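Have a look at the structure below before the remarks.
Labels run A, B, C and D following the written order; every chain starts at residue 1.
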Amino acid sequence: GDQAVLIVHGRDRTGIVAALSAVLGRHGANIVSLDQYSDNPQGGAFFQRTVFGRPDLKAALPAIEEDLRRELANGFELEYTLRDLSVPKRVAIFASKADHCLLDLLWRNRRGELPINISMVISNHAHTADEVRSFGIPFFHVPSQGPDKTAAEAQHLQLLTGNVDFIVLARYMQILSADFIEKVGVPIINIHHSFLPAFIGADPYAKAQHRGVKLVGATAHYVTEDLDEGPIIEQDVVRVNHAHTVAELRRRGADVERAVLSRAVLWHAEDRVIRHGNHTIVFQ
Amino acid sequence: GDQAVLIVHGRDRTGIVAALSAVLGRHGANIVSLDQYSDNPQGGAFFQRTVFGRPDLKAALPAIEEDLRRELANGFELEYTLRDLSVPKRVAIFASKADHCLLDLLWRNRRGELPINISMVISNHAHTADEVRSFGIPFFHVPSQGPDKTAAEAQHLQLLTGNVDFIVLARYMQILSADFIEKVGVPIINIHHSFLPAFIGADPYAKAQHRGVKLVGATAHYVTEDLDEGPIIEQDVVRVNHAHTVAELRRRGADVERAVLSRAVLWHAEDRVIRHGNHTIVFQ
Amino acid sequence: GDQAVLIVHGRDRTGIVAALSAVLGRHGANIVSLDQYSDNPQGGAFFQRTVFGRPDLKAALPAIEEDLRRELANGFELEYTLRDLSVPKRVAIFASKADHCLLDLLWRNRRGELPINISMVISNHAHTADEVRSFGIPFFHVPSQGPDKTAAEAQHLQLLTGNVDFIVLARYMQILSADFIEKVGVPIINIHHSFLPAFIGADPYAKAQHRGVKLVGATAHYVTEDLDEGPIIEQDVVRVNHAHTVAELRRRGADVERAVLSRAVLWHAEDRVIRHGNHTIVFQ
Amino acid sequence: GDQAVLIVHGRDRTGIVAALSAVLGRHGANIVSLDQYSDNPQGGAFFQRTVFGRPDLKAALPAIEEDLRRELANGFELEYTLRDLSVPKRVAIFASKADHCLLDLLWRNRRGELPINISMVISNHAHTADEVRSFGIPFFHVPSQGPDKTAAEAQHLQLLTGNVDFIVLARYMQILSADFIEKVGVPIINIHHSFLPAFIGADPYAKAQHRGVKLVGATAHYVTEDLDEGPIIEQDVVRVNHAHTVAELRRRGADVERAVLSRAVLWHAEDRVIRHGNHTIVFQ
């Protein structure tokens, strides 16, 4: 049906829920689901996700937004976003050689599992071009050109600017510059392996096998300037044992990676994830 | 701090959230957490759990309740319960021979994990009496007396009436009569094994081992007249394999049972579980 | 390297392991891995999976097999299979409308995760033909022709006979006749949903949602005449909650189905699964 | 029945399995289970765990051992241990304030789940004395005396020497000196929290909550001089979310800790864990 999602986020205070629901009530909107969380009832941070519907929603949204703006200006220290849920978010997927995360997203999208519009796939390798295009999705090959990423990133920005609402790094093996992250101006979701205990540097699965870990895992997070240290969206693990080769660890790790990434993309696409400092609130 | 929980449940309609939060706002109450769910925005069932606080809450609760009652009489078809969270629910635990679920609840309660007041343990076996009493909890031995449960259930009712807010069957191996369930008048939580695919009748673990299942599980549910068919609160499973003996399956099953039961008890004690028809809404 | 797998299965007796390893030793074969299981040391059933290697294995296998045959004739009641691991098993995949299990197998095979040779895909729907063929795999459309399956199954047998070592039903929604199962003469692996508690008949996900289950699962098993009652190879579950729609349950169920089926296919392809009565021994 | 376990570990070579099973066969022993693993068939490390039985085993063991010794001296570079499974391993449990791991082990042992003989509990806190003794187990209070552990460790050694086969640190919050580890001369199993990504230092659950992790976990490992870096025996995790307080993370973490530690103790007690370099082979 006709539904919109309202995210409100800021300083907690008595009366926010009442004020917001009064606004929606004045416009004949019915609340379909409401999740609220406050990290400290005494002046902490407040988070609310509300999905609401009404007939002829699209026409009514500007007036609802205007009313919200006025209400929230009224002494609240809150930010909000309001979005028509019938308009899927536009996403660019970045990939490299490994195709497990990329293909999983393309399949899920084709099956109707993800409320997203995949605008393009950008890769520094050309070999998945035909397969991506068989899904009806534009594929752009932007080779990496060594340590100086200026030219490649300029190409990326040209392709992306105005065309996407968020970016997914589906095992994209190039580091994004702080400059690119700032200029592109949309959220970027990354997936990386994660271990107990953690291994860094090259060939983490070989290190994990040598250390004899019993679990391998994956973490999806928002990209910030601190590589792999941005707010975590989702994590999961899978059991392994001493008899698993490094190749088998990689295979199992790849399964967790695609599962974790697809959940992170789904939740972001449905505006279920709110960033706050270096962590996330995920309303499921 | 001083907090109360309000559960509202009934027919969905525009404006419920606004009406409820306006009542709380009028009484200076700050909403700490709010979970809302509607199973069908077009006239389905509505469920809301709200935790709120304010200074001097206990004194203010009667006036808040009076205001709620008036507001909800105003055209809403809703039921509500309002409870001071500083008053733990009183519970009776029923047990038989196996002690894994019983002891797990006693330990967790002593550690401060469960917001409950264990009023008594009732068992048809006497052997756990000393251990239960070492936790400072009254133990009553009510032997089972064959197929006619009238006398035993009369004793149960005498012990329970007025003294408990809910009952936990911690692997209690006697069937409760429909008459008892009606007379005792408080929710009863049970735990039983569950399998993929399901086995019924005696010695389910032996059947499961013979069938070669790869998972064994447990289900916690509210007791209704239909044995083991009441609303499910929580379920979980654990992996097993061909090399596990029936004893090992039982051991692993016992681990899942105590884990699942303790979660069900916790969520019920925190008023996170709403019954609706034959299923539950669990706000976590 | 050059490796073979030897499966031995039969009545337990003192000395089997010694006799088998002596044979391998006589032929200069080194044991790479050995898993053994006895379901009852006093005259129960014995199961052993041995992977061994030696230079120039292919040439040596006939002599090894001859020696094994002679040794096992010597008072043992055992069956054995001996297979060169460098020769992948040939498999036919049967599919219907849903493509999640089919595509997952094709893609894992292309990645090199499955030691199988997919000889053909047979479907009663034509819509996946292009995609299957883009993997370089023959696709045969055999429409279902109502309740009388004689003609369709005759076509299946013509395609399959002599060409495949096992069959995978990747969400194939047609029932196989007992006659077909007998004539085709190779193992058949099926995947179906499984629930706690179980639901049968049409639309199990709708029933599961109505019942309020907290887990949905999948079971991979060998097909026998008793539909969905054959020996279980693998099972797994995923958590769900009250807020999940029937579509969301189906989506999560599909994820478990493809994961469970791919593990069952891998283990079968590596001769890790031994059928015994109505259950399996799975050496991992 | 009468069973023994034989662990063999060393340099891989053709013929080990045959030689070992020939020895057992000569003594009329029937192999109940055999697990073998080689980390590299070309001259890697070889690991084998064999459980075998025969009537009047105890009397026969010395002759079997003598024969094994002779056979293995014959050109193999292997170490072995042979143990009568009817003799449970003797264990000392070290604890501090938190009692969840301690009580779980005491209770599992009383239920007959663990083939161990708990010789004593040693704690630097006195408050669990009565409860431990109610299980019929000696309790010794050895207070910690600041940074100089010499006196306390001398007391520990006096209590332990000759009396235990391994030690379990059940959330023991004191660091053991390298000198103590060497002198006590038996394996020591520890349990600690583990996170994705990892947090070190004080108050890890607070750090984890601040970082917004979605999983908390626990790792059981053998103690070496490198604190918390010894060979991993078992790991597991549990899901958490943004709404969980630090106390709730600790509670969930405690559940995983006791589960992981009890599995590690069980597997060690059954000689299923073989140490090799800084990792373990766990035959399940």
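One rule holds in what follows: a residue touches a chain if its C-beta (ideal position, glycine included) is under 8 Å from a C-beta of that chain, and two chains touch if they have at least 3 such contacts.
This one's a predicted model, so the numbers in the text were calculated from it and none came from an experiment.
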Relative to chain C, the most remote chain by C-alpha centroid is chain B
Go through C-D and B-D and name the pair with more C-beta contacts between its chains. C-D
Can you give the rotation angle that fits chain A onto its twin chain B by Cα atoms, in degrees and rounded to the nearest 5? 180
Could the interface between the copies chain B and chain C be described as same, meaning over half of its residue numbers are common to both, or is it different? same
If you average the CA atoms of chain B and of chain D, how many Å lie between those two points? 37
Measuring from the mean C-alpha position of chain B to the mean C-alpha position of chain C, what distance in angstrom results? 42
Among chain C residues, those touching two or more other chains are 33, 37, 241, 243, 284
So in the complex, the part of chain D that touches chain A is made up of which residues? 37, 194-198, 210-215, 217, 219, 231-237, 241-243, 278-282, 284
Residues on chain B engaged by chain A in the complex (per definition of touch): 1, 12-18, 21-22, 24-25, 28-38, 41, 48, 53
What residues of chain A sit close enough to touch chain C in their complex? 33, 99-100, 103, 107, 111, 113, 131, 134, 241, 243, 251, 255, 259, 284
